[in-house]
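Listed below are the structures to be examined.
The following pair of complexes shares a single chain, subunit A, combined with subunit B in the former and subunit C in the latter.
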Partner chain A sequence: MVQEVNKSPKQSREGSPWKGLGAVIAKEMADHLTSARMRILEILIILTAAGTSYAALQKLVGSGSQNEFLYLELFTTAREPLPAFVGFLAFLVPLVAISLVFDAINGEFNQRTLSRVLSQPIYRDALLLGKFLGAFATLALVLTAIWLLVFGVGLIGLGVPPTGQEVARILLFLLVTVIYGGFWTALGLWFSTRFRQPATAALGSIAVWLFFTAFWEILVSLFAQGLRPIQYGLLEEVLARAKLEMFLSRISPNTLFVESTIALLKPAVRSLGLVLPFDLQGAILGAPLPVSQSLLMIWPHITGLLAVTIMIFALAYVSFQRQEIRV
Partner chain B sequence: MDYIIETKGLTKKYGEFTAVDSLNLQVEPGEIFGILGPNGAGKTTTILMLLGLTEPSSGEVNVMGFDPSRQPLSVKSQAGYIPDQVGFYDDLTARENLAYIARLNGIPRLESDQRIERALGKVGLSDVGSKPVGTFSRGMRQRLGVADVLIKQPRLIIMDEPTQGLDPELVRGFLDLTRELAEEGITILISSHLLHQVQEICDRVGLFHRGRMVLQGTVAELARNVLGAGYHVRLRANGKAGNFAEDLRRIAGVVDVKYQAPDSYTLVAAEDLRSEAARAIVEAGGQLLSLDIESLSLDDIYNAYFEEVNHGPRGQ
Partner chain C sequence: MKRIISMLMIIFSAVFLFAAVPQQAFARGNDLSGSGIQLSTTYPSQFVELGESVTIKIDVGSTSGDRILQLGLADIPDGWTASFRGGGKLVKSVYVAEGSSETVSLRLDPPQDPLSGEYTFVVLAEDGEARAELPITLSVQEKVPAALEFSIDLPTIKGSPKSTFRYSARLENTGDEEVMVNLTADAPVGFLTKFKLSGQEVTSFQLGPNQTKTINIELDPITELPAGTYSCKVYATGGDMQASLDLTAEVTGQQDLKISGVDGRLSSKATAGKENALTVLVTNKGTASALGVDLSSSAPAGWTVSFDPQEITEIPAGDQVEVNVKLTPPDKTVAGDYMVTIRSKSAEGASESADFRITVATSTLWGIAGIALIAVAVGVVVVAVTRFGRR
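So, the complex of A and B:
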């Protein structure tokens, strides 16, 4: 809590900030899992999973692919007009996350339940973290369910069991997806403490999502063109622009997610950055990397996603702790 | 005397605005104390500080032996709070709403089921306990609010504007319920701007005005201090040319006589002078048509007090 300079600064506040956390998480998850909102999302998600994996399956079986990582292709193969499963997730996960939390705090305000809940012997910390973890766990549950669904479709459709490598990679893929969802959950939660109207919070979160999904790439190339103009067509110029573009583009959590999934699901990818011909000296093209090496490649991405998630949660925390609860 | 609530110089400032100004409040165990005053007088802010939901700018607070801003959990586990227009999760049933509160209080499952039933029984909501709260009327919600604080078996209940928006019959029922709780030994602090509604159940009241508590005591004490005289006798009489004002004024103990309308008088006195007034009318050869005594109204006290404050003391 925001403590003012008061008579006994040594004395810290009593008890654990996590008292009641379990109760809040349980209530939040129960609410989410039974809500009409969740039903709609579930239908959307199951359609996506079934649709994309079926489409991918058709294409894989039809092409007689020789790839040794058939299972992974199930996630990344697209058949027009549908995007691949990963592509779908990149924009579906934020939507699900936002729709779970956009009214988390302001909803309690508007229902006038906040002061009643906070007059119980718990701290605000427990309420906010409980809201976050409740939504996060729901999201993880849903994603795991879809993941299992696609996995099952693969088992039936492909008729071959996945190798240990593949299982490890798609498990990591699930983990990265959940972390990506965590970022949007934190963002939605922050907006729900900042804006008193749930509609404003939802719109704000969706605006951020739209910004990164649709406009960021355009802005990035505009910036890159403006800041690193190619005047003479030199290699250095081209490189400098590409580097700047990459740097800017990785500010977007979407880019971090998509690059991570590419590294995980396409074992042959050995760099997410620029690859110059001399980098490839001695490399066996098309040879897959071990899981640990792919993971190493996206380690900064995961760290970045986690860091920005924690940062945004901290913003939500500060804004919530400072809020006057009177209606 | 150990007070259950005690504040010393409690002050809360929002920027330049002083919501509560050096408040010294003492509430004794087992009493019903009314914090009364118009909207914006600092009542809710005071309550939030008592519960540790808002930090005081300065001053000391002691609630049941704890400092709410340092030991909020201890205070909140023994003090129930019914906020202004109490809200519930509309999709959940009454029982589910209470069960959540029980879990937040760390009450074990078996124990909590019993407490929920007892609380719902107490407020008369047992048979609708499994209906979603969204279907409840205003009065039912208010009673559920009481059940909600009973779950933690509190020593102290703080109610903010509990009668606002209830029709008179529901107010009656609600006040009776409050009385019952007080008889069980629970100390109750009620805030309200509807002075006349809560005055009758309050053992003592504090009148708030612009962040300060300007008057404190029992209603009778306040009446004596502010109005000078506590009793208003209203009577109607006729049968005489002219009026009875002079006859009435001669009664010993009468402070003031107002001639309000033809045949209608109001007598202000320090004690109940009904029989003396009746005798005076009869002796003056008049016919007494009606005679009754007005109960003391906090509204009158409040208005009179501010008339005095704003326009200087009345000539008495």
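So, the complex of A and C:
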């Protein structure tokens, strides 16, 4: 079969590759939403959302904050010992995404249901995409629910309606969070096709997550120290190191996500890069940027995350297509 | 002949007595026939004011025998009336015992329209046997009336339409009486007048006899006045006297430049790395035209700001000129709000500036690059699908 396909690919490719995609997504979502795994995650996330937004509210109400973007502070205000809501999301979203997809393909394979599914008029393309989109949609659904929860808590707790700017920014924040989740979903899916054992796939994904969460920053500073040593203490040297450090740390999707949320939820942030006093001469500090400018600032982050997600999906796709599935 | 001699003797003795009066503390009337009647007063010669009645105390005494003396005036100037009083009543005669004396008051009332000068009155006391005379002299003097005199050294002051014109005037009361002075001013429209005395704002005050006070007069323009000469009259009124002073305020024209955006907006948008247009209005709100107005700016480093026109030859009073400003923030400007100050300076030196808030947006060119990146990623997937698809 494999040889046949390689020789005359056009003959074997008939009909729409999207056929059955809808059915796969629907089934996947149904499976996810009813699974016990999902319950645990939901409880965890709801606790997080309620806890952090309550803590933020406690801090905001009565603080007499003059910030015109009070709603955005709800997401970014932390009260010890809890981190802010965005901080929680930065490491919870990968966990949720990984837990949804770590056994997407190899689980079916091990239960020997894969060949049964594929005996239906469904292409592998549709199955893989369906698995991805199903998990992705589930994740988006959960995140939207949490988002609405925090939004509602804010509406009750703060007693002021959000402005159009705030709503736009929070919606963009939700979008960025979903894209960030998409990256980890794609990664988990890739490992799920790569490794036959679900446990290995899960471990691999979590290893990547842990690597970027805990170790990448340390490695970045080590690299930067090694590659751009400061010998004479010149400004150029310091700048070169800072630039390298920034470049390296932006390889991490966590950094991309955190920087994006900062730009979106703190409108006064003008630049995520290095800003020299020279650049800020004559600048009116503290003036909020329009949403479009904030979006433009994080546009490379968003597009980078999306592109990497698509690339990883492509890897998963290639890996899945080349697998022998009839065991 | 005998009569002539006796007349001469009378005259001589009278002259002698008159000459002796100033040397004594009091005057004693001449005892004409050695009759023993004494007439005396402490101050026989007095100064009195015009129109004033005088009361003089006269002692009437007798040295020989008790007498009833008729009182009268041997000589009285025209128009004057005289009356004697004793014990609170008008009297015509007085009884004096020998060796004692009585006091009567002589009241002299001036005529309706008195004239100044020396008036001599002769008081006469007589009974059937003897008579005595006492001359009294009144010097009627006209009193110096209160009069106000205004004087100023610098009656003309030059100033801008916004400045306060301060005059320092002196008001003198040359009279002998204290006057309550009221100050009023007849100022042209648009001026507020203030009178200050030792730093206090006053409108009326007491001015003692022969006293001079320095009054600070302030003319404060309420509105923007057109250039010109404004005269103001200040009156000082006290009783029925009035003194006036002419003040002149020369208002010179002044230019007053203002910079603003169209519709008064002081904000604008700009894109980094591109030439952005901004229209600025230079208005001359003053009263004189501004000549040679030069425009300049202070913007963050790296920005280029150019003006069209760079220099305005003339802005007439009340006119405005539109200036096109071209702002170019450098390519790598961080997005956000920046302050750009635009300054105008006329040849006369009046300078005015306005701060414009420029919201810099960065170019969306890199956004397209991001989309291209995604397109590449999608392309990879497409290639993978065509290579491995639909199994």
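Methods note: the second predicted complex is superposed on the first by the 314 of 327 C-alpha atoms of A that agree within 3 Å, B and C clash if a C-alpha of one lies under 4 Å from a C-alpha of the other, contacts with A are read in each partner's own complex, and residues count from 1 in each chain.
We adopt the following convention: contacts are C-beta pairs under 8 Å (C-beta built on N, C-alpha and C of every residue); 3 or more make two chains touch, one makes a residue touch a chain.
Note that the coordinates shown come from a computational prediction; the quantities given were computed from them, not determined experimentally.
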Q.
Taking subunit A as the common reference, can subunit B and subunit C both be placed on it without clashing, or not? Answer clash or fit.
A. fit
Q. In the superposed arrangement, which partner chain does A:154 touch: subunit B (first), subunit C (second), both, or neither?
A. neither
Q) Counting only touches as set out at the top, which of subunit B and subunit C does A:282 meet: first, second, both, neither? A) second
Q: Look at A:299 in the shared chain and tell me whether it touches subunit B only, subunit C only, both, or neither; answer first, second, both or neither.
A: second
Q: Answer with first, second, both or neither: which of subunit B and subunit C does A:322 touch in the superposed model?
A: second
Q: Considering only touches as defined above, state whether A:162 meets subunit B (first), subunit C (second), both or neither.
A: neither
**Q.** Contacts of A:112 with subunit B and subunit C, given as first, second, both or neither
**A.** first
Q.
Just to be sure I read the superposition right, which of the two partners does A:310 touch: subunit B = first, subunit C = second, or both, or neither?
A. second
Q) Where does A:123 make contact in the superposed view: on subunit B (first), on subunit C (second), on both, or on neither? A) both
Q: Go through the superposed model and pick first if A:198 touches only subunit B, second if only subunit C, both, or neither.
A: neither
Q. Closest Cα approach between subunit B and subunit C after superposing, in Å?
A. 7
Q) Following superposition on chain A, which residues of subunit A contact subunit B and also contact subunit C? A) 13-15, 123
Q. So in the complex, which bits of subunit A are touching subunit C?
A. 5, 12-15, 17, 123-125, 270-271, 275, 278-284, 287, 289-290, 292-293, 296-297, 299-300, 302-304, 306-311, 313-314, 317-318, 321-322
Q | subunit C to subunit A touching residues, read off their complex | A | 298-301, 303, 332-340, 357, 359, 361-362, 364, 366-367, 369-371, 373-374, 376-378, 380-381, 384-385, 387-391
(Q) Under the stated contact criterion, what part of subunit A meets subunit B in this complex? (A) 1-4, 6, 8, 11, 13-15, 19-20, 22-24, 26-27, 31, 35, 111-123, 324-327
Q | subunit B - residues contacting subunit A, complex | A | 44-45, 48, 51, 53-55, 57, 69-74, 76-77, 79-91, 100-101, 103-106, 145, 148, 152
